[in-house]
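Letters A, B, C and D name the chains as they come in the text, with residue numbers starting at 1 for each one.
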Amino acid sequence: MAQAEVKVGVVGGSGYTGIELLRLLLRHPMVSLHAVTSRQEAGQAVSAQYGNLLGQVDLTFVEPDLATLSACDLVFFATPNGVAMRLVPDLLAAGVRVIDLAADFRLRDPAVWEQWYGMSHACPELLAEAVYGLPELYRSAIQQARLVANPGCYPTAVSLALLPLVTQGTVDLQRVIADCKSGVSGAGRSANVNLLMGEVGESFKAYGVSGHRHLPEISQTLGAVSGAEVQLTFIPHLVPMVRGIHATVYAPLSAAIEDLQAVFTEYYAAEPFVQVLPPGGHPETRCVRGANQCHIAVQQPHPAGPVVILSVIDNLVKGAAGQAVQNMNLMLGLPEETGLQQVALLP
Amino acid sequence: MAQAEVKVGVVGGSGYTGIELLRLLLRHPMVSLHAVTSRQEAGQAVSAQYGNLLGQVDLTFVEPDLATLSACDLVFFATPNGVAMRLVPDLLAAGVRVIDLAADFRLRDPAVWEQWYGMSHACPELLAEAVYGLPELYRSAIQQARLVANPGCYPTAVSLALLPLVTQGTVDLQRVIADCKSGVSGAGRSANVNLLMGEVGESFKAYGVSGHRHLPEISQTLGAVSGAEVQLTFIPHLVPMVRGIHATVYAPLSAAIEDLQAVFTEYYAAEPFVQVLPPGGHPETRCVRGANQCHIAVQQPHPAGPVVILSVIDNLVKGAAGQAVQNMNLMLGLPEETGLQQVALLP
Amino acid sequence: MAQAEVKVGVVGGSGYTGIELLRLLLRHPMVSLHAVTSRQEAGQAVSAQYGNLLGQVDLTFVEPDLATLSACDLVFFATPNGVAMRLVPDLLAAGVRVIDLAADFRLRDPAVWEQWYGMSHACPELLAEAVYGLPELYRSAIQQARLVANPGCYPTAVSLALLPLVTQGTVDLQRVIADCKSGVSGAGRSANVNLLMGEVGESFKAYGVSGHRHLPEISQTLGAVSGAEVQLTFIPHLVPMVRGIHATVYAPLSAAIEDLQAVFTEYYAAEPFVQVLPPGGHPETRCVRGANQCHIAVQQPHPAGPVVILSVIDNLVKGAAGQAVQNMNLMLGLPEETGLQQVALLP
Amino acid sequence: MAQAEVKVGVVGGSGYTGIELLRLLLRHPMVSLHAVTSRQEAGQAVSAQYGNLLGQVDLTFVEPDLATLSACDLVFFATPNGVAMRLVPDLLAAGVRVIDLAADFRLRDPAVWEQWYGMSHACPELLAEAVYGLPELYRSAIQQARLVANPGCYPTAVSLALLPLVTQGTVDLQRVIADCKSGVSGAGRSANVNLLMGEVGESFKAYGVSGHRHLPEISQTLGAVSGAEVQLTFIPHLVPMVRGIHATVYAPLSAAIEDLQAVFTEYYAAEPFVQVLPPGGHPETRCVRGANQCHIAVQQPHPAGPVVILSVIDNLVKGAAGQAVQNMNLMLGLPEETGLQQVALLP
């Protein structure tokens, strides 16, 4: 391994997002893990909690105190919503850069945030400064940011599906439908009967039909790009598998497009982490399992009907920890692909 | 067991639809299995092919010859597309009633059929006579029918989701989207690398985006009910589970509806095999596993957006063999629920 | 449905064993469900908890009070260990017969019970009276019993695998190994991080290697049959599927056997719920899914090595609720197969 | 990426073992992929076959001709059994080193090989030269080898489980039992009805009880280490998951062992790819998914019973492609861990 140059901390290392961050950071050639915190597991070996790290790391979980974290150059929050916002102001003040993988800084409007997350925001003044960490859209702002709000998993898949068309203004944003499907790891790692394998194995269902927190996040992104008001229908579903998100996006056009495939291949030509499939392709979640990649295919099955965009990511990688490392690379001036060149695990 | 009264035959008993028919017919109190045919397995014990029948039945697969089948009162075809149409005219002539679980008689227009199925139809003159076997829509015609075309699995789930609204004329049928998800048993039981568990396990994908044979079937049903032209977008997906279909149907309204929930509960109030969930519910495929049931929920998440209808069936039961037995009961004048009262297997 | 003749109660109807009992009892032609209790869900519709019962039943969970239960002819306990023993003495005194699906009455020796279950037994005097509900072994005693201890899932699969050889005294009971594999529903339905699909999906592991409560239960049965002391090695494993147990039993012989296959087919010739596969067969858990069946195969791969017996059951049916109904039929003098003729759901 | 220094070829790149080799070799810092052959896919882009490589590689499958392969420094065979033996003599003669991931060179006795593989061996004279590629046992011989026979997946898991005890001579090798469980990718990627997800999903079964080709391979290894005759019982099972092997090995002791745990931790103290769990641990296949690791735990549940050793690997990594790369590193004089430091993908 190369010499460690940057000291990073991970707050909340005992959830699925945290463990995935550790997997990536442990093999990142330019960073050293200074602290991994977990209030519940403090004092325990990290590898006792996560068998995949057995023999790979000597770390012990520590308490998330400010002194420890302030000694880091950059801190990731892989915590439940509402935790990061209590610590971030002090860390920024101490000159530490922050990437929050939870939702505390994703919405710019504090009122909208408080409505969807059901609590008061502890530092609403930072919402305007926080940069939404979708590199394919906000790369240069991320490079300058002190505080990055890592996007949600569904918003990443849906936004990347729509950006090529929304940017050129050819979509009727009043009628877009995003039918999304996620593996169970997206629901996190807490003791919840509804997530037992006995409950969700060998079954398929929708959830959150009446409203899901990722809806305002997607609308904010599409609205920012288009300048238009967005009326999106977003329905998430639970797939009996562990990892992966598949977004099926139905986009009625507001103007004809000559070469749909070219719009997508050209838009993403220079992006290392978005691949456009050849015409007629169907992306599969397994093709991005464990990789910081988004695979996209586009078709218009009937000239009178909507464009159909299929977009897959690994919810824990491009939908969470991988994208966070990508953002870290940008913030630190490292090559964007550093530590993110894993090939997806297929089969 | 009750005395057998009706002699039935099953042609093509070695696929998933065939085995499911056997499971139901073996415990049906009013029928006796006269013949189960399979060209490939002729001479073998049925239970050697299907371990679930070990000790339950003494049947041996026989060749599908006309003499054997003509001795039946009713014959089911659980064969690949294109097989039934070669035998059905002779069977009808012999006074045998027929239910085809394949697609040979589902479309009324021979030209449309030949376009989607890629072969000439062997008896196009029967297409007009064949009754589409969706009892919730065509019950009385089925009761009189000699020949019933058992609906496809996706069309059953989607049609039942839309009937209450289409019947009252409140849907904009130019813009309906049916995003459907199926377990792998829907793809049948043939040696196909693409259906290996190593290929489809722990992964999710769409397929047939450019066009799927169930699209004209759904359009035909909705068109017949509405009298209008239908422009439907239908995208099927493959779920890493064995049984179950979940249809998520997006229906933009053409007229406001006062009490959406009541439209559905009233429409299906008398139906034994369709259950409408309480408001806010999310149907799960496991809740209908092994049962001849369709569970439906309906919501309109945003007043400016489409109505969202969630509909689940077991693709092999209400989507195939169970619905076929329901049709048989109607054709034979038996109580419609006879032999179909299994409770779904949960978990 | 036939007329209800026997009033039964189910205590603890909200776990997997309880819901499976309801599935079977609702379609049993000779019983009526008088009460289904659940402290936590009292007042709620049973179908609100279990979507598979939607439209199938009007029952509401009630509190488990003695008056309600005393009005039953027979009461099933589908409760955690340690609950039944507090209510059973009063119920027996009231003339109610009892089947406990938990472990309270499975071990005859109170000291052994208290060692493995970590609590004092509330009515040790009943342990001698309770009949171990394995009908293939104790049929006539069950027919006379007031109190039946329904066997554990692993003990059912392992005992049925070994009975033919142990009965004839040809096994070296000091060296038997039972390597067992269970689907996750065997672990019950409680909020436990270790049973999340994110934890157990797509993975396989052993558990309880140092000791599992089903070990003394199996040893007790084999010891009772053989009259010998038993030294068994029993290792359970968790399979990433919902239902099913597969026991692979390694039995070194103490005497040569001429026709191994015949020993098994003859021993189980008259049993409706045990099927012996043809020579060379490999039982599959899916072949008994949802059915009250045990499938067994036997081979001796090498003359100098142990006999290998493969035994599969559905842990919730022949391993719990189905066997309980079988015991009820025996206790009530009904034909043993009543209400238990479901064909397994394959695929 | 570092400069490529070694030219390698992969023959038979379109199976699961081949794709896994490509995943590892593409990110190996010291090799360049000179040729990937597939008779069936020749001319096609490798990424058209394997979506996980989309955008990651420009390779095209080529025909497996001698000229192309002779230009390589080292060639991997990821072909069906019986293919490598026809090409290997010419490649060795051309000075190319070879690693065969199939079984052609695993058994030293041609007669035993021909009995188990049902064909004549094309170059039996090479069997004595071929080195069995289990680095933990034959490291120094591998470093000198021209031809390495990469071990089977089951033999790797079972041999690593037993080596510490067999080396010290404390096991009764007449009575060892290896009860093994594998995910479906171990069965390969060919059109086989028995491997459809509809057949093996949500089910568990044993197979090959009467005899499996990995039995003589394991016996040969244990016999070579112990110098004794081995009478092993080996029963493989199929788990409804994609990757992973779990071996549960029952080893009756021939001599008492004071500190069982220490025997294992000391034996593997210096091994980078074998981890011994703390006492009481239960290894999980997910903890090695995608990683070239073997996790082992050991217990003796009862002093009178056998030692129980639990051993897990990813069948495609430490059980195939990863071990092959480990062998390549040894043969080429590279650090053994080069290109093999992936952390397992959990969850």
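Definition applied: contacts are C-beta pairs under 8 Å (C-beta built on N, C-alpha and C of every residue); 3 or more make two chains touch, one makes a residue touch a chain.
Predicted model only: the values in this text are computed from it and were never measured.
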Chain C reached from chain A - shortest hop count over touching chains: 1
Intersection of the contact lists for chain A and chain D: B, C
Between C-D and B-D, the pair joined by more C-beta contacts: C-D
Distance between the centres, which are taken as Cα means, of chain D and chain C, whole angstrom: 39
Inter-chain centre distance, chain B versus chain C - centres from mean C-alpha coordinates, in Å: 36
CA centroid of chain B to CA centroid of chain D, Å: 45
Numbers and ranges of chain B residues touching at least 2 other chains: 16, 185, 189, 198-199, 201-202, 240-243, 283-284, 286, 289, 347
List of chain D residues in touch with chain C within their complex: 174-175, 177, 179, 181, 183, 198-199, 201-207, 209-211, 231, 233, 235, 237, 239-244, 246, 248, 250, 252, 280, 282-286, 289, 297, 299, 301-302, 304-306, 308, 310, 312, 347
Residue ranges of chain B touching chain C (in the complex, touch as defined): 16, 19, 22-23, 26-27, 48, 50-56, 185, 189, 201-202, 242-243, 275, 277-278, 283-284, 286-291, 293, 295, 341-347
Chain C contact footprint on chain A (complex, rising order): 16, 184-185, 187-193, 195-202, 240-242
